[in-house]
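Next come the structures, one after another.
Shared between the two complexes below is chain A, which has chain B as its partner in the first and chain C in the second.
Let's turn to the complex of A and B:
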């Protein structure tokens, strides 16, 4: 292996990338676009759930009850009183997510101590909004009840038996950007891999320029490293850009060590680029390379890593698969460093796995390339 | 004209059939995506790994903890008396929630004092954390209310002999009866899989259309096609018709798996869905063609595709409800064909509503489709000529 020949291959690849200016621009525009979308457009928080009331009671108390909903930031009460048909129509059309029925005798029941049933009609089609929404309704009703109970019985000096507090650690405001942006770094690296690196050899096969390359004195391993360098550099620039934007624009707190963070990012980038090269060596059509790239990098990184969907929620066989996904380890490390400020002691195992991942990718890539040559 | 289109069609179909890799792209890749999405994209939060720090160790405190276990949402992995043991696990990310019951818990309950229960939640995953908060509030709120009720009754009994008028004391109880329509178990799979069908359809058809033409450009065979008497429009039709067929084929396969394997209910009209799929394919083929007119290499068209797909996907209401987005972004989503098709496909699957509820969505889809397709055809013709 000669450094000079590696450099020549890398130079050629750089030139090729530079000539295709649009691809290069997109390679940087894509991560920024993703950051913007995840940072500004999308939120996992659920608020302003549209609600309509069917008030059969028409009293001071029932209006007070409705006001509780109007004042809550979780609900957006659709003005007006609806009958059953109208409510059903609103649910069918998707104009409201929740319909609440206050029965006749609501106020009376509150004063007499009889049990009152408030009916919640829920558009369950979106299970998540449904669960969270019905949780909010129940919470509001039970706090309302406690208030009424307390208000009416002050003279007996009754206190609520439980004073429960939920404290949130690491991300006290529950800002979803704090959760998403560290994970997004893994996703962005994979985009570069799936869309750029995985095509590098395949393109040469498809266009027929591979033969030309092979007739030069360049050895297979040199070719692999030469092609690897430019994509690694682009990936590195992307990572730096995303880190800076995340920390300074989106204000994700970095509680751990910056050097440790950079080291781990380099390690992951190395392995991911290796994976891209491997895919590229194995496929001969760019369409196929892209599809395999998509399935091998994108899908697991976004879905099987705990990026958005917690792993403990998945069925057991799928959980077993996630142990093979490098992004799972990388994202855990990123969140540990960013939000928890943990030191390397907490994720030694994960780092070892990433090292193994790098080694495996490069030896597989060079092995299969050599086999292809013969 | 038909004769020539037929020839291209035959050429394209033979090319697709000969290419074994196409089978992977058309059949295997979508199925893998469907299965992964089907099992993973669940926003139901269950099995929350939890630790309990019970300093009280009484019947009462065990009762309280049993409420958490029985709810089915919490998996209690550790019972301990040492707080730092639990905190260590939270730091390591092995658990997401700690429930702390103080020493004075049962005594406080007996004496009618307010006892503080502390819940620690790992906020790194903000979504899960807020769901956990909701569960905790509901469980403890119900418990608190029940205890309050008990105490009131007890006081009533004690006071009865002394001051009978206190019997008039109010004891309120509001019960919340929840009925979920369309998806009674609130299974998020039912909501997500129809959307996955739409997404797979979109990715595959745009990908195939845009690459098919750019590939001929990149390899240089497009010149050969241009020197034949085939007209640009004919070339385009011949290139896209196979993908319409593939698109429909995919819908059948993916829908079949969703309904028969995942057990997603299908309540609406199948014909209506096929019609809406046609409208949607109009837009995706239009976008695919458009991408092919602005790209020289396959890499360019792939990058452009992803540059378009990412926002289309994230701003469609697929995983993130549109109602939660900032107002400005909500306006942007009106340009997104996936947004309309998602509403249509979900409503047909889960609500079973007919065209009287969906005509506006379909109209929007048709308008977008005609505009994009028209634009691409114009561009394409100019390019080839």
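Let's turn to the complex of A and C:
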């Protein structure tokens, strides 16, 4: 292997990338765009659930009860009190997710200590919001009930039998962006870098330039490393871009070591570039390379990496497949460094897997590339 | 080195290339002397490109043996690659690089020493008359310029052997002539040139020719040798006033094997000139076509090839 040839190939590749609009957009516009788009769109926090009341009691107590909802950041009370048909219509149209019916005799029941039933109508077609919303409603009702009980003198000494105290570690506000952004970063780097790289060999086959190249004494490894360099450098810029966005725009706290973070990012990037080169070596048409590229990056990094769907929830055979997905390891490492501030001791296994992935990609690529035509 | 002793720049024995059931190259034998221009001729799909790709180490032969520049084509293809220049049929430089970037790329790949790198680059630029266009994108160049740039890039490392696969296909006549002037210059400096073409006038420029048809070499030798020795039939040149009519009538005459338009007149292929001439005159007189010129001539290469290919086709159908 001669450094001079590697350098020559790298330089040529840079010239080609800088003149290729598709590559430039893919390399420099898409990563930030995807992160912003997905970062704002994918949120698992539920706030401002639209809710409507049908107040049949019309007392001070019932209004006080509604005010509890108005003051909560989880609900947004749609103005006006509606009759039953109106409420059904709003649910049908999706204007509200929850409808609450306060029965006549609500205040009276509270004072007399009789059981009061507050009917809750839930839109179950949006399962996630429904479940979480019903949880919020029951939480709010029980705390309201407790307040009412304690407000009455006769129940002054009453205390709930179990006192439930939660302290959330690593992400005290349970902000979902804090764990979604690291996952997105892993996904975006993999998709962009692998896709960008996946065309580097196929383009030469398709355009006929490979034939000329094969007639020269250039060695397969010189070609592979020469082509690897520019994509790795662009990948580094992408990594820096998305990390900065994550930290400064999405305010994901970085509690761990910056150098450690840079190190593992480079390792992961190496693997992503290697995957791209492997796809490129194995295909002879740009269209096919592109399709394989999407398939090999998008699905696994988003579905099989534990990015949103926890791996321990998956059926065993699918769990087995996730071991082949580098993003699985990288997302764990990113969450460790960002949120937990962990040192490498906590994820050395993952680092080993990433190293193995890189080695596998580059050895497969160099074994598959033959300096011959078919 | 043993290279010095070798007489041949290219030597091939019983070379075969099969793609599945199809035999593209069928047991060919070839020798190309050092420093000569060897023209490899044949119709499309006859196995020219496949042969050239095997010689350049781009394809692995199915069987047979061959040496290029003293290196074995099976086991030493990478050594061959350092000693040859290759220009493929399809233009295969980078269209999205500038002229200069293409040159720099190939001179880096061929590891042209730093000391002579600049000199070689200027030589290629002036050879291809691209000095003023060094910063132009290659895709913007016209056909003839592209060909010369491709030739230049294949010559950066000053290879002793040059393989050109239909280098002038789709290039205008004056650019073609310029291109052949370059090839002569290279040949005079001692470069061996192996060139495929289907232009007959280009074939005349070659020192020696090999004719390949359906994967087999059916004739070899200098253009002169082919024209005088290899054709069993004779050629008569006829110039007359209604050539196209004459063509129709003479095609029915049994003493005339072939009729072909050639320039202003017709080439008539016959077994025996003395027997054929009177019959030809008879036919033309009967139709009232006046003869301007009627004489036996040395066949052109085209006559020879058409006749050889016809002969070979007959042979093949007979054996079947």
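The rule is simple: the second predicted complex is superposed on the first by the 333 of 374 C-alpha atoms of A that agree within 3 Å, B and C clash if a C-alpha of one lies under 4 Å from a C-alpha of the other, contacts with A are read in each partner's own complex, and residues count from 1 in each chain.
Here, contacts are C-beta pairs under 8 Å (C-beta built on N, C-alpha and C of every residue); 3 or more make two chains touch, one makes a residue touch a chain.
From a predicted model like this one, the values you see are computed outputs, not experimental measurements.
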- [ ] Pick one for A:258: touches chain B only (first), chain C only (second), both, or neither.
- [x] neither
Task: Partner chain(s) touched by A:320 [first = chain B, second = chain C, both, neither] - done: neither
Open item on the list: Which partner chains sit in contact with A:240 here, chain B, chain C, both or neither? Use first/second/both/neither.
Closed with: neither
Task: First, second, both or neither for A:209, with chain B first and chain C second - done: second
Open item on the list: With both complexes superposed on chain A, which partner does A:373 reach: first (chain B), second (chain C), both or neither?
Closed with: second
- [ ] State whether A:199 touches chain B only (first), chain C only (second), both chains, or neither.
- [x] first
- [ ] Mind working out whether A:4 is in touch with chain B, chain C, both or neither, as first, second, both or neither?
- [x] second
Task: When both partners are placed on the shared chain, which of chain B and chain C touches more of chain A - done: B
Task: Partner chain(s) touched by A:20 [first = chain B, second = chain C, both, neither] - done: both
- [ ] Using the superposition described at the top, list the residues of chain A that contact chain B and also contact chain C.
- [x] 20, 207
Task: Residues of chain A touching chain C in the complex - done: 2, 4-5, 7-9, 11-12, 15-16, 19-20, 207-219, 371-373
TODO: Spell out the part of chain B that touches chain A in their complex, as residue ranges.
DONE: 21, 24-25, 29, 32-33, 36-37, 39-49, 75, 90-93, 96, 108-109, 112-131, 133-138, 140-145, 147-148, 151-152, 155, 169-191, 207-208, 211, 215, 218-219, 297-300, 302-304, 306-307, 310-311, 314-315, 319-321, 323-326, 329, 343, 346-347, 350-351, 353, 357
Open item on the list: Under the stated contact criterion, what part of chain A meets chain B in this complex?
Closed with: 20, 22-23, 26-27, 29-30, 33-34, 37-38, 40-50, 91-94, 109-113, 115-132, 134-139, 141-146, 148-149, 152-153, 156, 158-172, 174-176, 178-179, 191, 195-196, 199, 203, 206-207, 285-288, 290-291, 294-295, 299, 303-304, 306, 308-310, 312-315, 318, 332, 335-336, 339-340, 342, 346
Open item on the list: Under the stated contact criterion, what part of chain C meets chain A in this complex?
Closed with: 53, 56-60, 78, 81-82, 84, 86, 88, 90-97, 101, 104-106, 108-111, 137, 150, 153
